[in-house]
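A single structure is presented below for examination.
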Amino acid sequence: MAFDSWQEVIWMGGYGFYVWLAFGVSILAIAILVVHGLLTRKKLAQMAVKKQQQQQRIARRKQQERHRSMVTNDSTS
Amino acid sequence: MSVVIEAKQLTSVRAGRTLFSALSLQLGAGEILHVEGPNGAGKSTLLRIIAGLLQPLEGEVWLFGQPQQHDPELWQRQTLFIGHKPAVKAELTALENLHFQTQLDGANNVDAWQLLETVGLLGLEDIPAQQLSAGQQRRIALARLWYSQAKLWILDEPFTALDTYGIELLHQRFQQHLENGGSLLLTSHQPLTWSGERLQKIRIEHNDEELVYE
Amino acid sequence: MNKASSWQLLSAVMRRDLAVALRRRSDVINPLLFVVIVVTLFPLAVGPGPDVLGRIATGVIWVAALLSSLLGSERLFRDDFLDGNLEQLVLSPAPLPFLALGKIVVHWLLSGLPLVILAPVCALLLKLPFEAWGTLMLTLLVGTPMLSAMTAVGAALTVSLGRGGALLSLLLLPLFIPLLIFAAAAVESTLVGTSAYGQVLLLAGLMLLTLTLAPLAVAAAIRVSVN
Amino acid sequence: MWKWLHPYAKGEATYRLLGLWQPWLSGLALIFVTVGLVWGLFYAPPDYQQGDSYRIIFIHVPSAMFSMGAYTGMAIAALIALVWQIRTAEWAIAAIAPVGATLTFVALFTGAVWGKPMWGTWWEWDARLTSQLILLFLYIGVLALYYAFNDARTGAKAAAILALVGVINVPIIHFSVYWWNSLHQGATITKFEKPSMPPEMLIPLLISIAGFLFLTAALITQRLRNEILKQELHRPWAMEKLGVEANDGV
């Protein structure tokens, strides 16, 4: 350890403000990047759910159409 | 009959939507192929792929039994693509447009005045194209058909904005082209007043289950 | 189709572009007026003393030239894109980079060359010492073709966006920095009485490199844009 | 034809492979960065000239290195995307650019903060800081272009062309800025270069550099996996990965 006490660590020989500012902002920037990546994934999962619902709606409609055409076929025969 | 153009298993995805998948078609000399389908179904995209402007996601296009990339120069000389944008310079007059167009097509011996008369624009030669009507601009664009030596014409909505006489004129020109062994690939919302066994049709439908997020 | 050499096509494309530009003279003249007006603003802002003006003259003229080259650049391919000529160029039998070079040359003739001719007026307004006028014009003569070429790359990339203006500046201005540095340094060294030979030579080398590579990038960008 | 020769051209395979790497890269990044920074902050001796302010070097130098490195990597991806039309390479551009831009920002910020005690000003037109600033502009340009298009594929290709144009320009810009700096500032000592560093400082610096390498790789991997999922969302495998049972159409 190059320092004798925690006060000295924070003081950094008079340069504490600059050193901790540089480290703090850098770590924050990278943390934001990581969190943004995690949020993106969460958003993708929501989109997947929406897409699944969309597919189900389309499938349901197709089924109804098929059903209807079967009914009309029955009535004509 | 010799095959002029052949599309093999084309798949195209635009803006996250599958327009068509595994689409194949074949067109021989002297044949006409009418691509039909609702708005936004991918007709223009198909034409642009065949013209070589777009890359399909999968599949290939062959001209005279050779793949597209094989001989790009043959491709460019043997096909003529006219899209729905007329490629007419708004600032230039009809005559100037025709003049430059023949030069860009390497048809230096074509008389621009003669061409102007053929497409029925005589008397309008000194008016900038931006002051002409949409139909007249389209006539300038379509004038290329009267001197083109290309075997395959790819026309996206050629009849748009044309009057009855213009449509009739175009049909006559198509007839000549086919008789000379040319082929024609076109889209049109109007039904073709065409009868004959040489007319093929292909229909592209929406496939809506592929609508995805963008 | 009749066989036309690439040269014939190139000349047709260039002549047509020139003919169109002649019908739109204001598009050619406005960027030049912009330069003169910007140059006029500086003496008003920093005072007309020759010591201040003479020092900043080169920088002001060059920055004004960079900005003015952005003004008209959006139009470089926009009209061709909108009226469908761009896709016809792609389909033309001549190599696309070759035609792109033609468009760059036309753009330079209409924007770069007038700027070189205008330079003495700007130099006069900003009280640039007379002995540096020649170097200033020389740097503009060598530098503006690079401007046209880089601008063409940016314009081709953003042509299908319809609202490329601010984006185009963002893409291009950082790439202009070496040009600005060497051009300003060349004039500077003439002012202090040393030879500007090295810097001008360096600019000429950069110009050749840019004119070789930019048409390839423009062609690739056009192919992407007509998509 | 080419496409099928590249197994990694397929989204799912690439996604899986990256998934295998990601925990290792993240773990290594965490360990090395922590060790490097803690060592550098608390255990390395102070510099005899700059005192404790030099400790910023343990972040500044690695981030500056990989901000440049990431740009080169992005340009290589761009080249692959344009020449071989491999879609994963297109997505890699979108994955690398934000990481590179963040590293550039970190290098720029730490450089500026370091400049305050050294030069007495928050911003000095130092050659390295200036070229980092321009690099940041270049990154922002690529990102802006990538997301400017409606069609993701068009945007990726346009951004790829710009990245290649940029990578040719980066050395020219770099050279011109250094040259310009020497012209205007004469022989100021560049405070960031440390020709001879005692091992007590060099070792934590090297560890930190290694840590940032893993960190960069891990961040890119995370974003690339997201990008693959985003672009392949219409395929059943991607939906399953996101915890949704895919309805296979009809």
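Labels for the chains are A, B, C and D, by order of writing; each one numbers its residues from 1.
The definition used in the following text is that contacts are C-beta pairs under 8 Å (C-beta built on N, C-alpha and C of every residue); 3 or more make two chains touch, one makes a residue touch a chain.
The structure displayed is predicted, hence computed values, not measured ones.
Student: Would you mind checking which chain's C-alpha centre is most distant from the centre of subunit D?
Tutor: B
Student: With contacts counted as defined, which of the two, B-C or A-D, has more C-beta pairs across the interface?
Tutor: When the contacts at B-C and A-D are counted, A-D has more.
Student: Let me have the rounded angstrom distance from the C-alpha centre of subunit A over to the C-alpha centre of subunit C, please.
Tutor: 43
Student: Could you state the distance in Å from the CA-based centre of subunit B to that of subunit C?
Tutor: 36
Student: What's the distance between the Cα centroids of subunit A and subunit D, rounded to whole Å?
Tutor: 21
Student: Please work out the Cα centroid separation of subunit C and subunit D, and write it as a whole number of Å.
Tutor: Subunit C and subunit D have C-alpha centres separated by 32 Å.
Student: Where in subunit B do residues touch two or more of the other chains?
Tutor: Within subunit B, the residues that touch at least two other chains are 209, 212-213.
Student: Multi-chain contacts in subunit D: which residues touch at least two other chains?
Tutor: 151, 233-234, 249-250 - these are the residues of subunit D that touch more than one other chain.
Student: For subunit A, give me the residues that contact two or more of the other chains.
Tutor: Within subunit A, the residues that touch at least two other chains are 47, 51, 55, 58-59.
Student: In the complex formed with subunit D, which residues of subunit A make contact?
Tutor: These residues of subunit A touch subunit D: 1-3, 9, 12-16, 18-19, 21-23, 25-26, 29-30, 32-34, 36-37, 40-41, 44-45, 47-49, 51-52, 55-56, 58-59, 62.
Student: For subunit C, which residues are in contact with subunit B within the complex?
Tutor: 1-4, 8-9, 12-13, 15-16, 19-20, 23-24, 79, 82-85, 87-88, 90-93, 226-227
Student: Which bits of subunit D are touching subunit C when the two form their complex?
Tutor: 82, 134, 137-138, 140-141, 144-145, 148-149, 151, 153-154, 157-158, 161-162, 164-166, 168-169, 172-173, 175-177, 179-180, 183
Student: For subunit B, which residues count as touching subunit C in their complex?
Tutor: It is residues 48, 51-54, 73, 76-77, 79, 81, 83-92, 96, 100, 103-109, 128, 148-150 of subunit B that touch subunit C.
Student: Would you pull the subunit C residues touching subunit D in the complex into a rising list?
Tutor: Going by the criterion above, the answer is residues 153, 157-158, 160-161, 167, 170-171, 173-175, 177-178, 181-182, 185, 206, 213, 217, 220-221, 224-225, 227.
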